[in-house]
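Given below, in the form of structure tokens, are the structures.
Look for chain A in each of the two complexes below; its partner is chain B in the first and chain C in the second.
Showing the complex of A and B:
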């Protein structure tokens, strides 16, 4: 037992020495050891014998990391330490993993540091890891919102692909907006009880820039997939209108107790219909306005004729 | 100058004196140079001197702390525990925690969090039967700390003695243990603790890098390292006032209250010799910690360094 511990420590130090060498090649980036710790844990499960340092070295580069999601561009981590640093995750990725794990504890603990601590525990980390985040749970909420937005984008992209391939019909704008907002709001359903708390966190002054950013980019996304290509003032009015629809529907959803939130979807339907009609009404107002003006002009000319002022013989 | 032999170096702030007990392991007999205040001594000498300092100061330690910092050290320690934000079930190792200040604050904090948790649970129990509520009361009452524990480790027996007496006096018994140990070689297994704190103690450690490595070793993955220590003031005006106060007032207070000028002279000198914020941050990173950051309190008079074992 002690020998295994000693060996492990020796191997640990050797490995760290190696990591230090790597660091000298690519100074600013340091690999996270949790990944190594987690990997060692899985190694130990596979091979219950004492892991010698040699074993660690060998299984290093080839051990697949089951937790690694397909991360997109990670430019800063594939430096000169190339292969080495790809095996490890960055601090941000670990933080994302902790936050994702923490989400399942939100219904019980709310959007708080406690939920984050529980999440860290499930990943095998100490509860003190929650100290990496703000103590008011802001990062958890922002992470969740950003995750939902990403899911929505993927959903809309898939639908668009289907339409392009001809497998589905292109929806009319009204229907499209309704479905998009409904899909996005449905993602809140598992957390609906604690969502008011999340909203209040999003409105804290130091969170407003981030939350506003997320909101506007989501609305932008929806309009983009709805086929909006306006380049005039319409761009702003469309987004403002949809933001209004989204926010009000969200608030209605907080207080909705009907089965499967039927009342909310009906509310949404009405609001979207209003929004679209508003567009039509605007056009009507304009053309009516023009018609009225023309009528007045005609009346003025007629009166001039009658009064004999229009002498042009 | 020669009278430094029975030197009572007073590190008014934090204990964590160096071992004179198990000195042989790092066995650097007459070798490496170390500093003792503005003097240069060998490592072994330094350890010996610092041990004696705290041996002599132990009884007056808290009084001196209050008088020198005008009570502000309590606020610093409160901020440290608040920053830690421990949840019930946390295992804390307080190194150089001699008289137990951090440990007691930790216990208070965890207790209040636990109470709030229980209250919240009760609110949810609105529609349970009386029997069920009664049973839940029984279960929760037994764990007012919720499995949290704090281990106070110090190299100096006298400091620990004072700490134990204080604990008894203030009524802290549950979840508290006292261990004699050296920060450079902790008597604990690997991956044991959630949080490791060292408040005003790391300045007195002879080999800081060893202490940091030990901290790394005993922390669980995801564990947090917190260090509260005097640091460097960058504001020039404040720095001058601070120097004035340190070198003119503090040794005098030491003589008047504890009867020990030289120790407090050592204290202020050792603060000047301690590495500044950025350097300490680099040392912590070298030990393997991630997300290392520091927070200046009182514009640099004191700094809290924090790192995670990831």
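Showing the complex of A and C:
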């Protein structure tokens, strides 16, 4: 009896401490440990259990409650992770929570492991939980950027809904682009002091694929909601131009000390106007070129007629 | 907002193809177009993107779009040379069908948010040169080029159909579309054969060379 009680207590202690344990063990060991704990719990409760998604432990019943664990424990920065299921959360969701909590310590500690450690502390976890992440704060920055992009998408989606319902007017493209970039850059304002550090972290070689991915998907989202339906090379030129506008405006914002970043928004307005002009000019050049070619063809045909060479064979 | 009002017309000209996007309902949910000159596409242009194999669909749409674009340019090149000859009307008819295919893939590209291949300007020129070049070999040369290209494209569509048949219910619309296009291309192929493609100068060499080029184009367009 005492042994069973002791086992139960040990089981629940392990259960609660699983978050800290997890960071020390490799994934298969982690799964083994978790399933062992759960098996103990289930033996005591003597319930029939559903099999989990971990194929290598097929013979062991693992979760006493229905779980919705997303496949793959690797955190992905191109999307936010799966849903939480009662008491059992995946590693990805846990990392997500820690990083979100860590964001409030960024103005003080910068984009570093210290901020992550502080964030873990507010969640009641050990400071060692920061060991789950790289020591250079990469994941924190990528998580923040990913979060901002998601917020921007939701904002644009809402605006689109309002336009469809007739509650708002459709903005002209130039203004739409300006507002979208401004909204996205405003999300940086609370962290503006430490943002140069974040930019340098994003440019680290091992972060470049992820950060490039985030940047391109954000720009694609903005153009998509702006109503871009190009299916030729314009697709690329538009996105390249907007990326340039966004990056330069971001850099200007770093050094802007005007009230509410007025200078930045004015810079943005000018750049977007330039971009629009550029497109306009490109169109004009193309139509001029076509007109010139037609003129030359006409001249050639006239000369051919005059020289009597225009015979149908 | 006078600035916006002044800029709007220039913006509209530049962003020629920009139209306001529609609702999120499935592709079949359309709303009636508003009356008036400008065709504001208020009908839905988005499909539900969950549950489908996004990378596979993206590749398929990208390469098919590039293929139809290239075919379009090939027929344009052939028309430029043989437009006023006896095969002119036939080539024009096949060209019109390719234009329809291209329009359909343009719509799909927007609906699935797929990026076009970077090599489009290259296929623009290469297609025209191929069409004009084969037409300069005579009517039979043009027909031989048609046969080679259409055979390549039908085989390519067939392998896509095979890939999509893994889950026919999920990809029903796309499958139906590709099957129909495959039948159209086969028809073009048969028309080419009817018009003495095989009698063209160096037919087998021409055919092999063109089909090799098509394979390379397909490989590149899927990835880049």
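Definition applied: the second predicted complex is superposed on the first by the 205 of 313 C-alpha atoms of A that agree within 3 Å, B and C clash if a C-alpha of one lies under 4 Å from a C-alpha of the other, contacts with A are read in each partner's own complex, and residues count from 1 in each chain.
Following the convention adopted for this analysis, a contact is a pair of C-beta atoms (placed from the backbone, for glycine too) under 8 Å apart; a residue touches a chain by one contact, two chains touch by 3 or more.
Since the structure is predicted, the reported quantities are computational estimates derived from the model, not experimental observations.
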{"item": "Partner chain in contact with A:170 - chain B first, chain C second, else both or neither", "value": "second"}
{"item": "Contacts of A:94 with chain B and chain C, given as first, second, both or neither", "value": "first"}
{"item": "Partner chain in contact with A:232 - chain B first, chain C second, else both or neither", "value": "second"}
{"item": "First (chain B), second (chain C), both or neither touched by A:179", "value": "neither"}
{"item": "Chain B versus chain C as contact partner of A:250, first or second or both or neither", "value": "neither"}
{"item": "Contacts of A:129 with chain B and chain C, given as first, second, both or neither", "value": "first"}
{"item": "Touching partner for A:117 - first (chain B), second (chain C), both, neither", "value": "first"}
{"item": "Chain B versus chain C as contact partner of A:160, first or second or both or neither", "value": "second"}
{"item": "Overlap of the chain B and chain C footprints on chain A, listed as residue numbers", "value": "none"}
{"item": "Interfacial residue positions of chain A with respect to chain C in the complex", "value": "160, 163-164, 170, 172-175, 220, 224-236, 273, 276-277, 279-280, 282-283"}
{"item": "Parts of chain C lying in touch with chain A, wherever the complex brings them together", "value": "1, 4, 7-8, 10-11, 13-23, 41-42, 45, 65, 105-106, 109-110, 113, 115-116, 118, 120-121"}
{"item": "Interfacial residue positions of chain B with respect to chain A in the complex", "value": "83-87, 89-90, 190, 194-195, 219-224, 285, 288, 290-291, 306, 308-310"}
{"item": "Footprint of chain B on chain A - complex, ascending", "value": "5, 9, 16, 30, 32-34, 37, 91, 94, 113-114, 117, 120, 123-132, 135"}
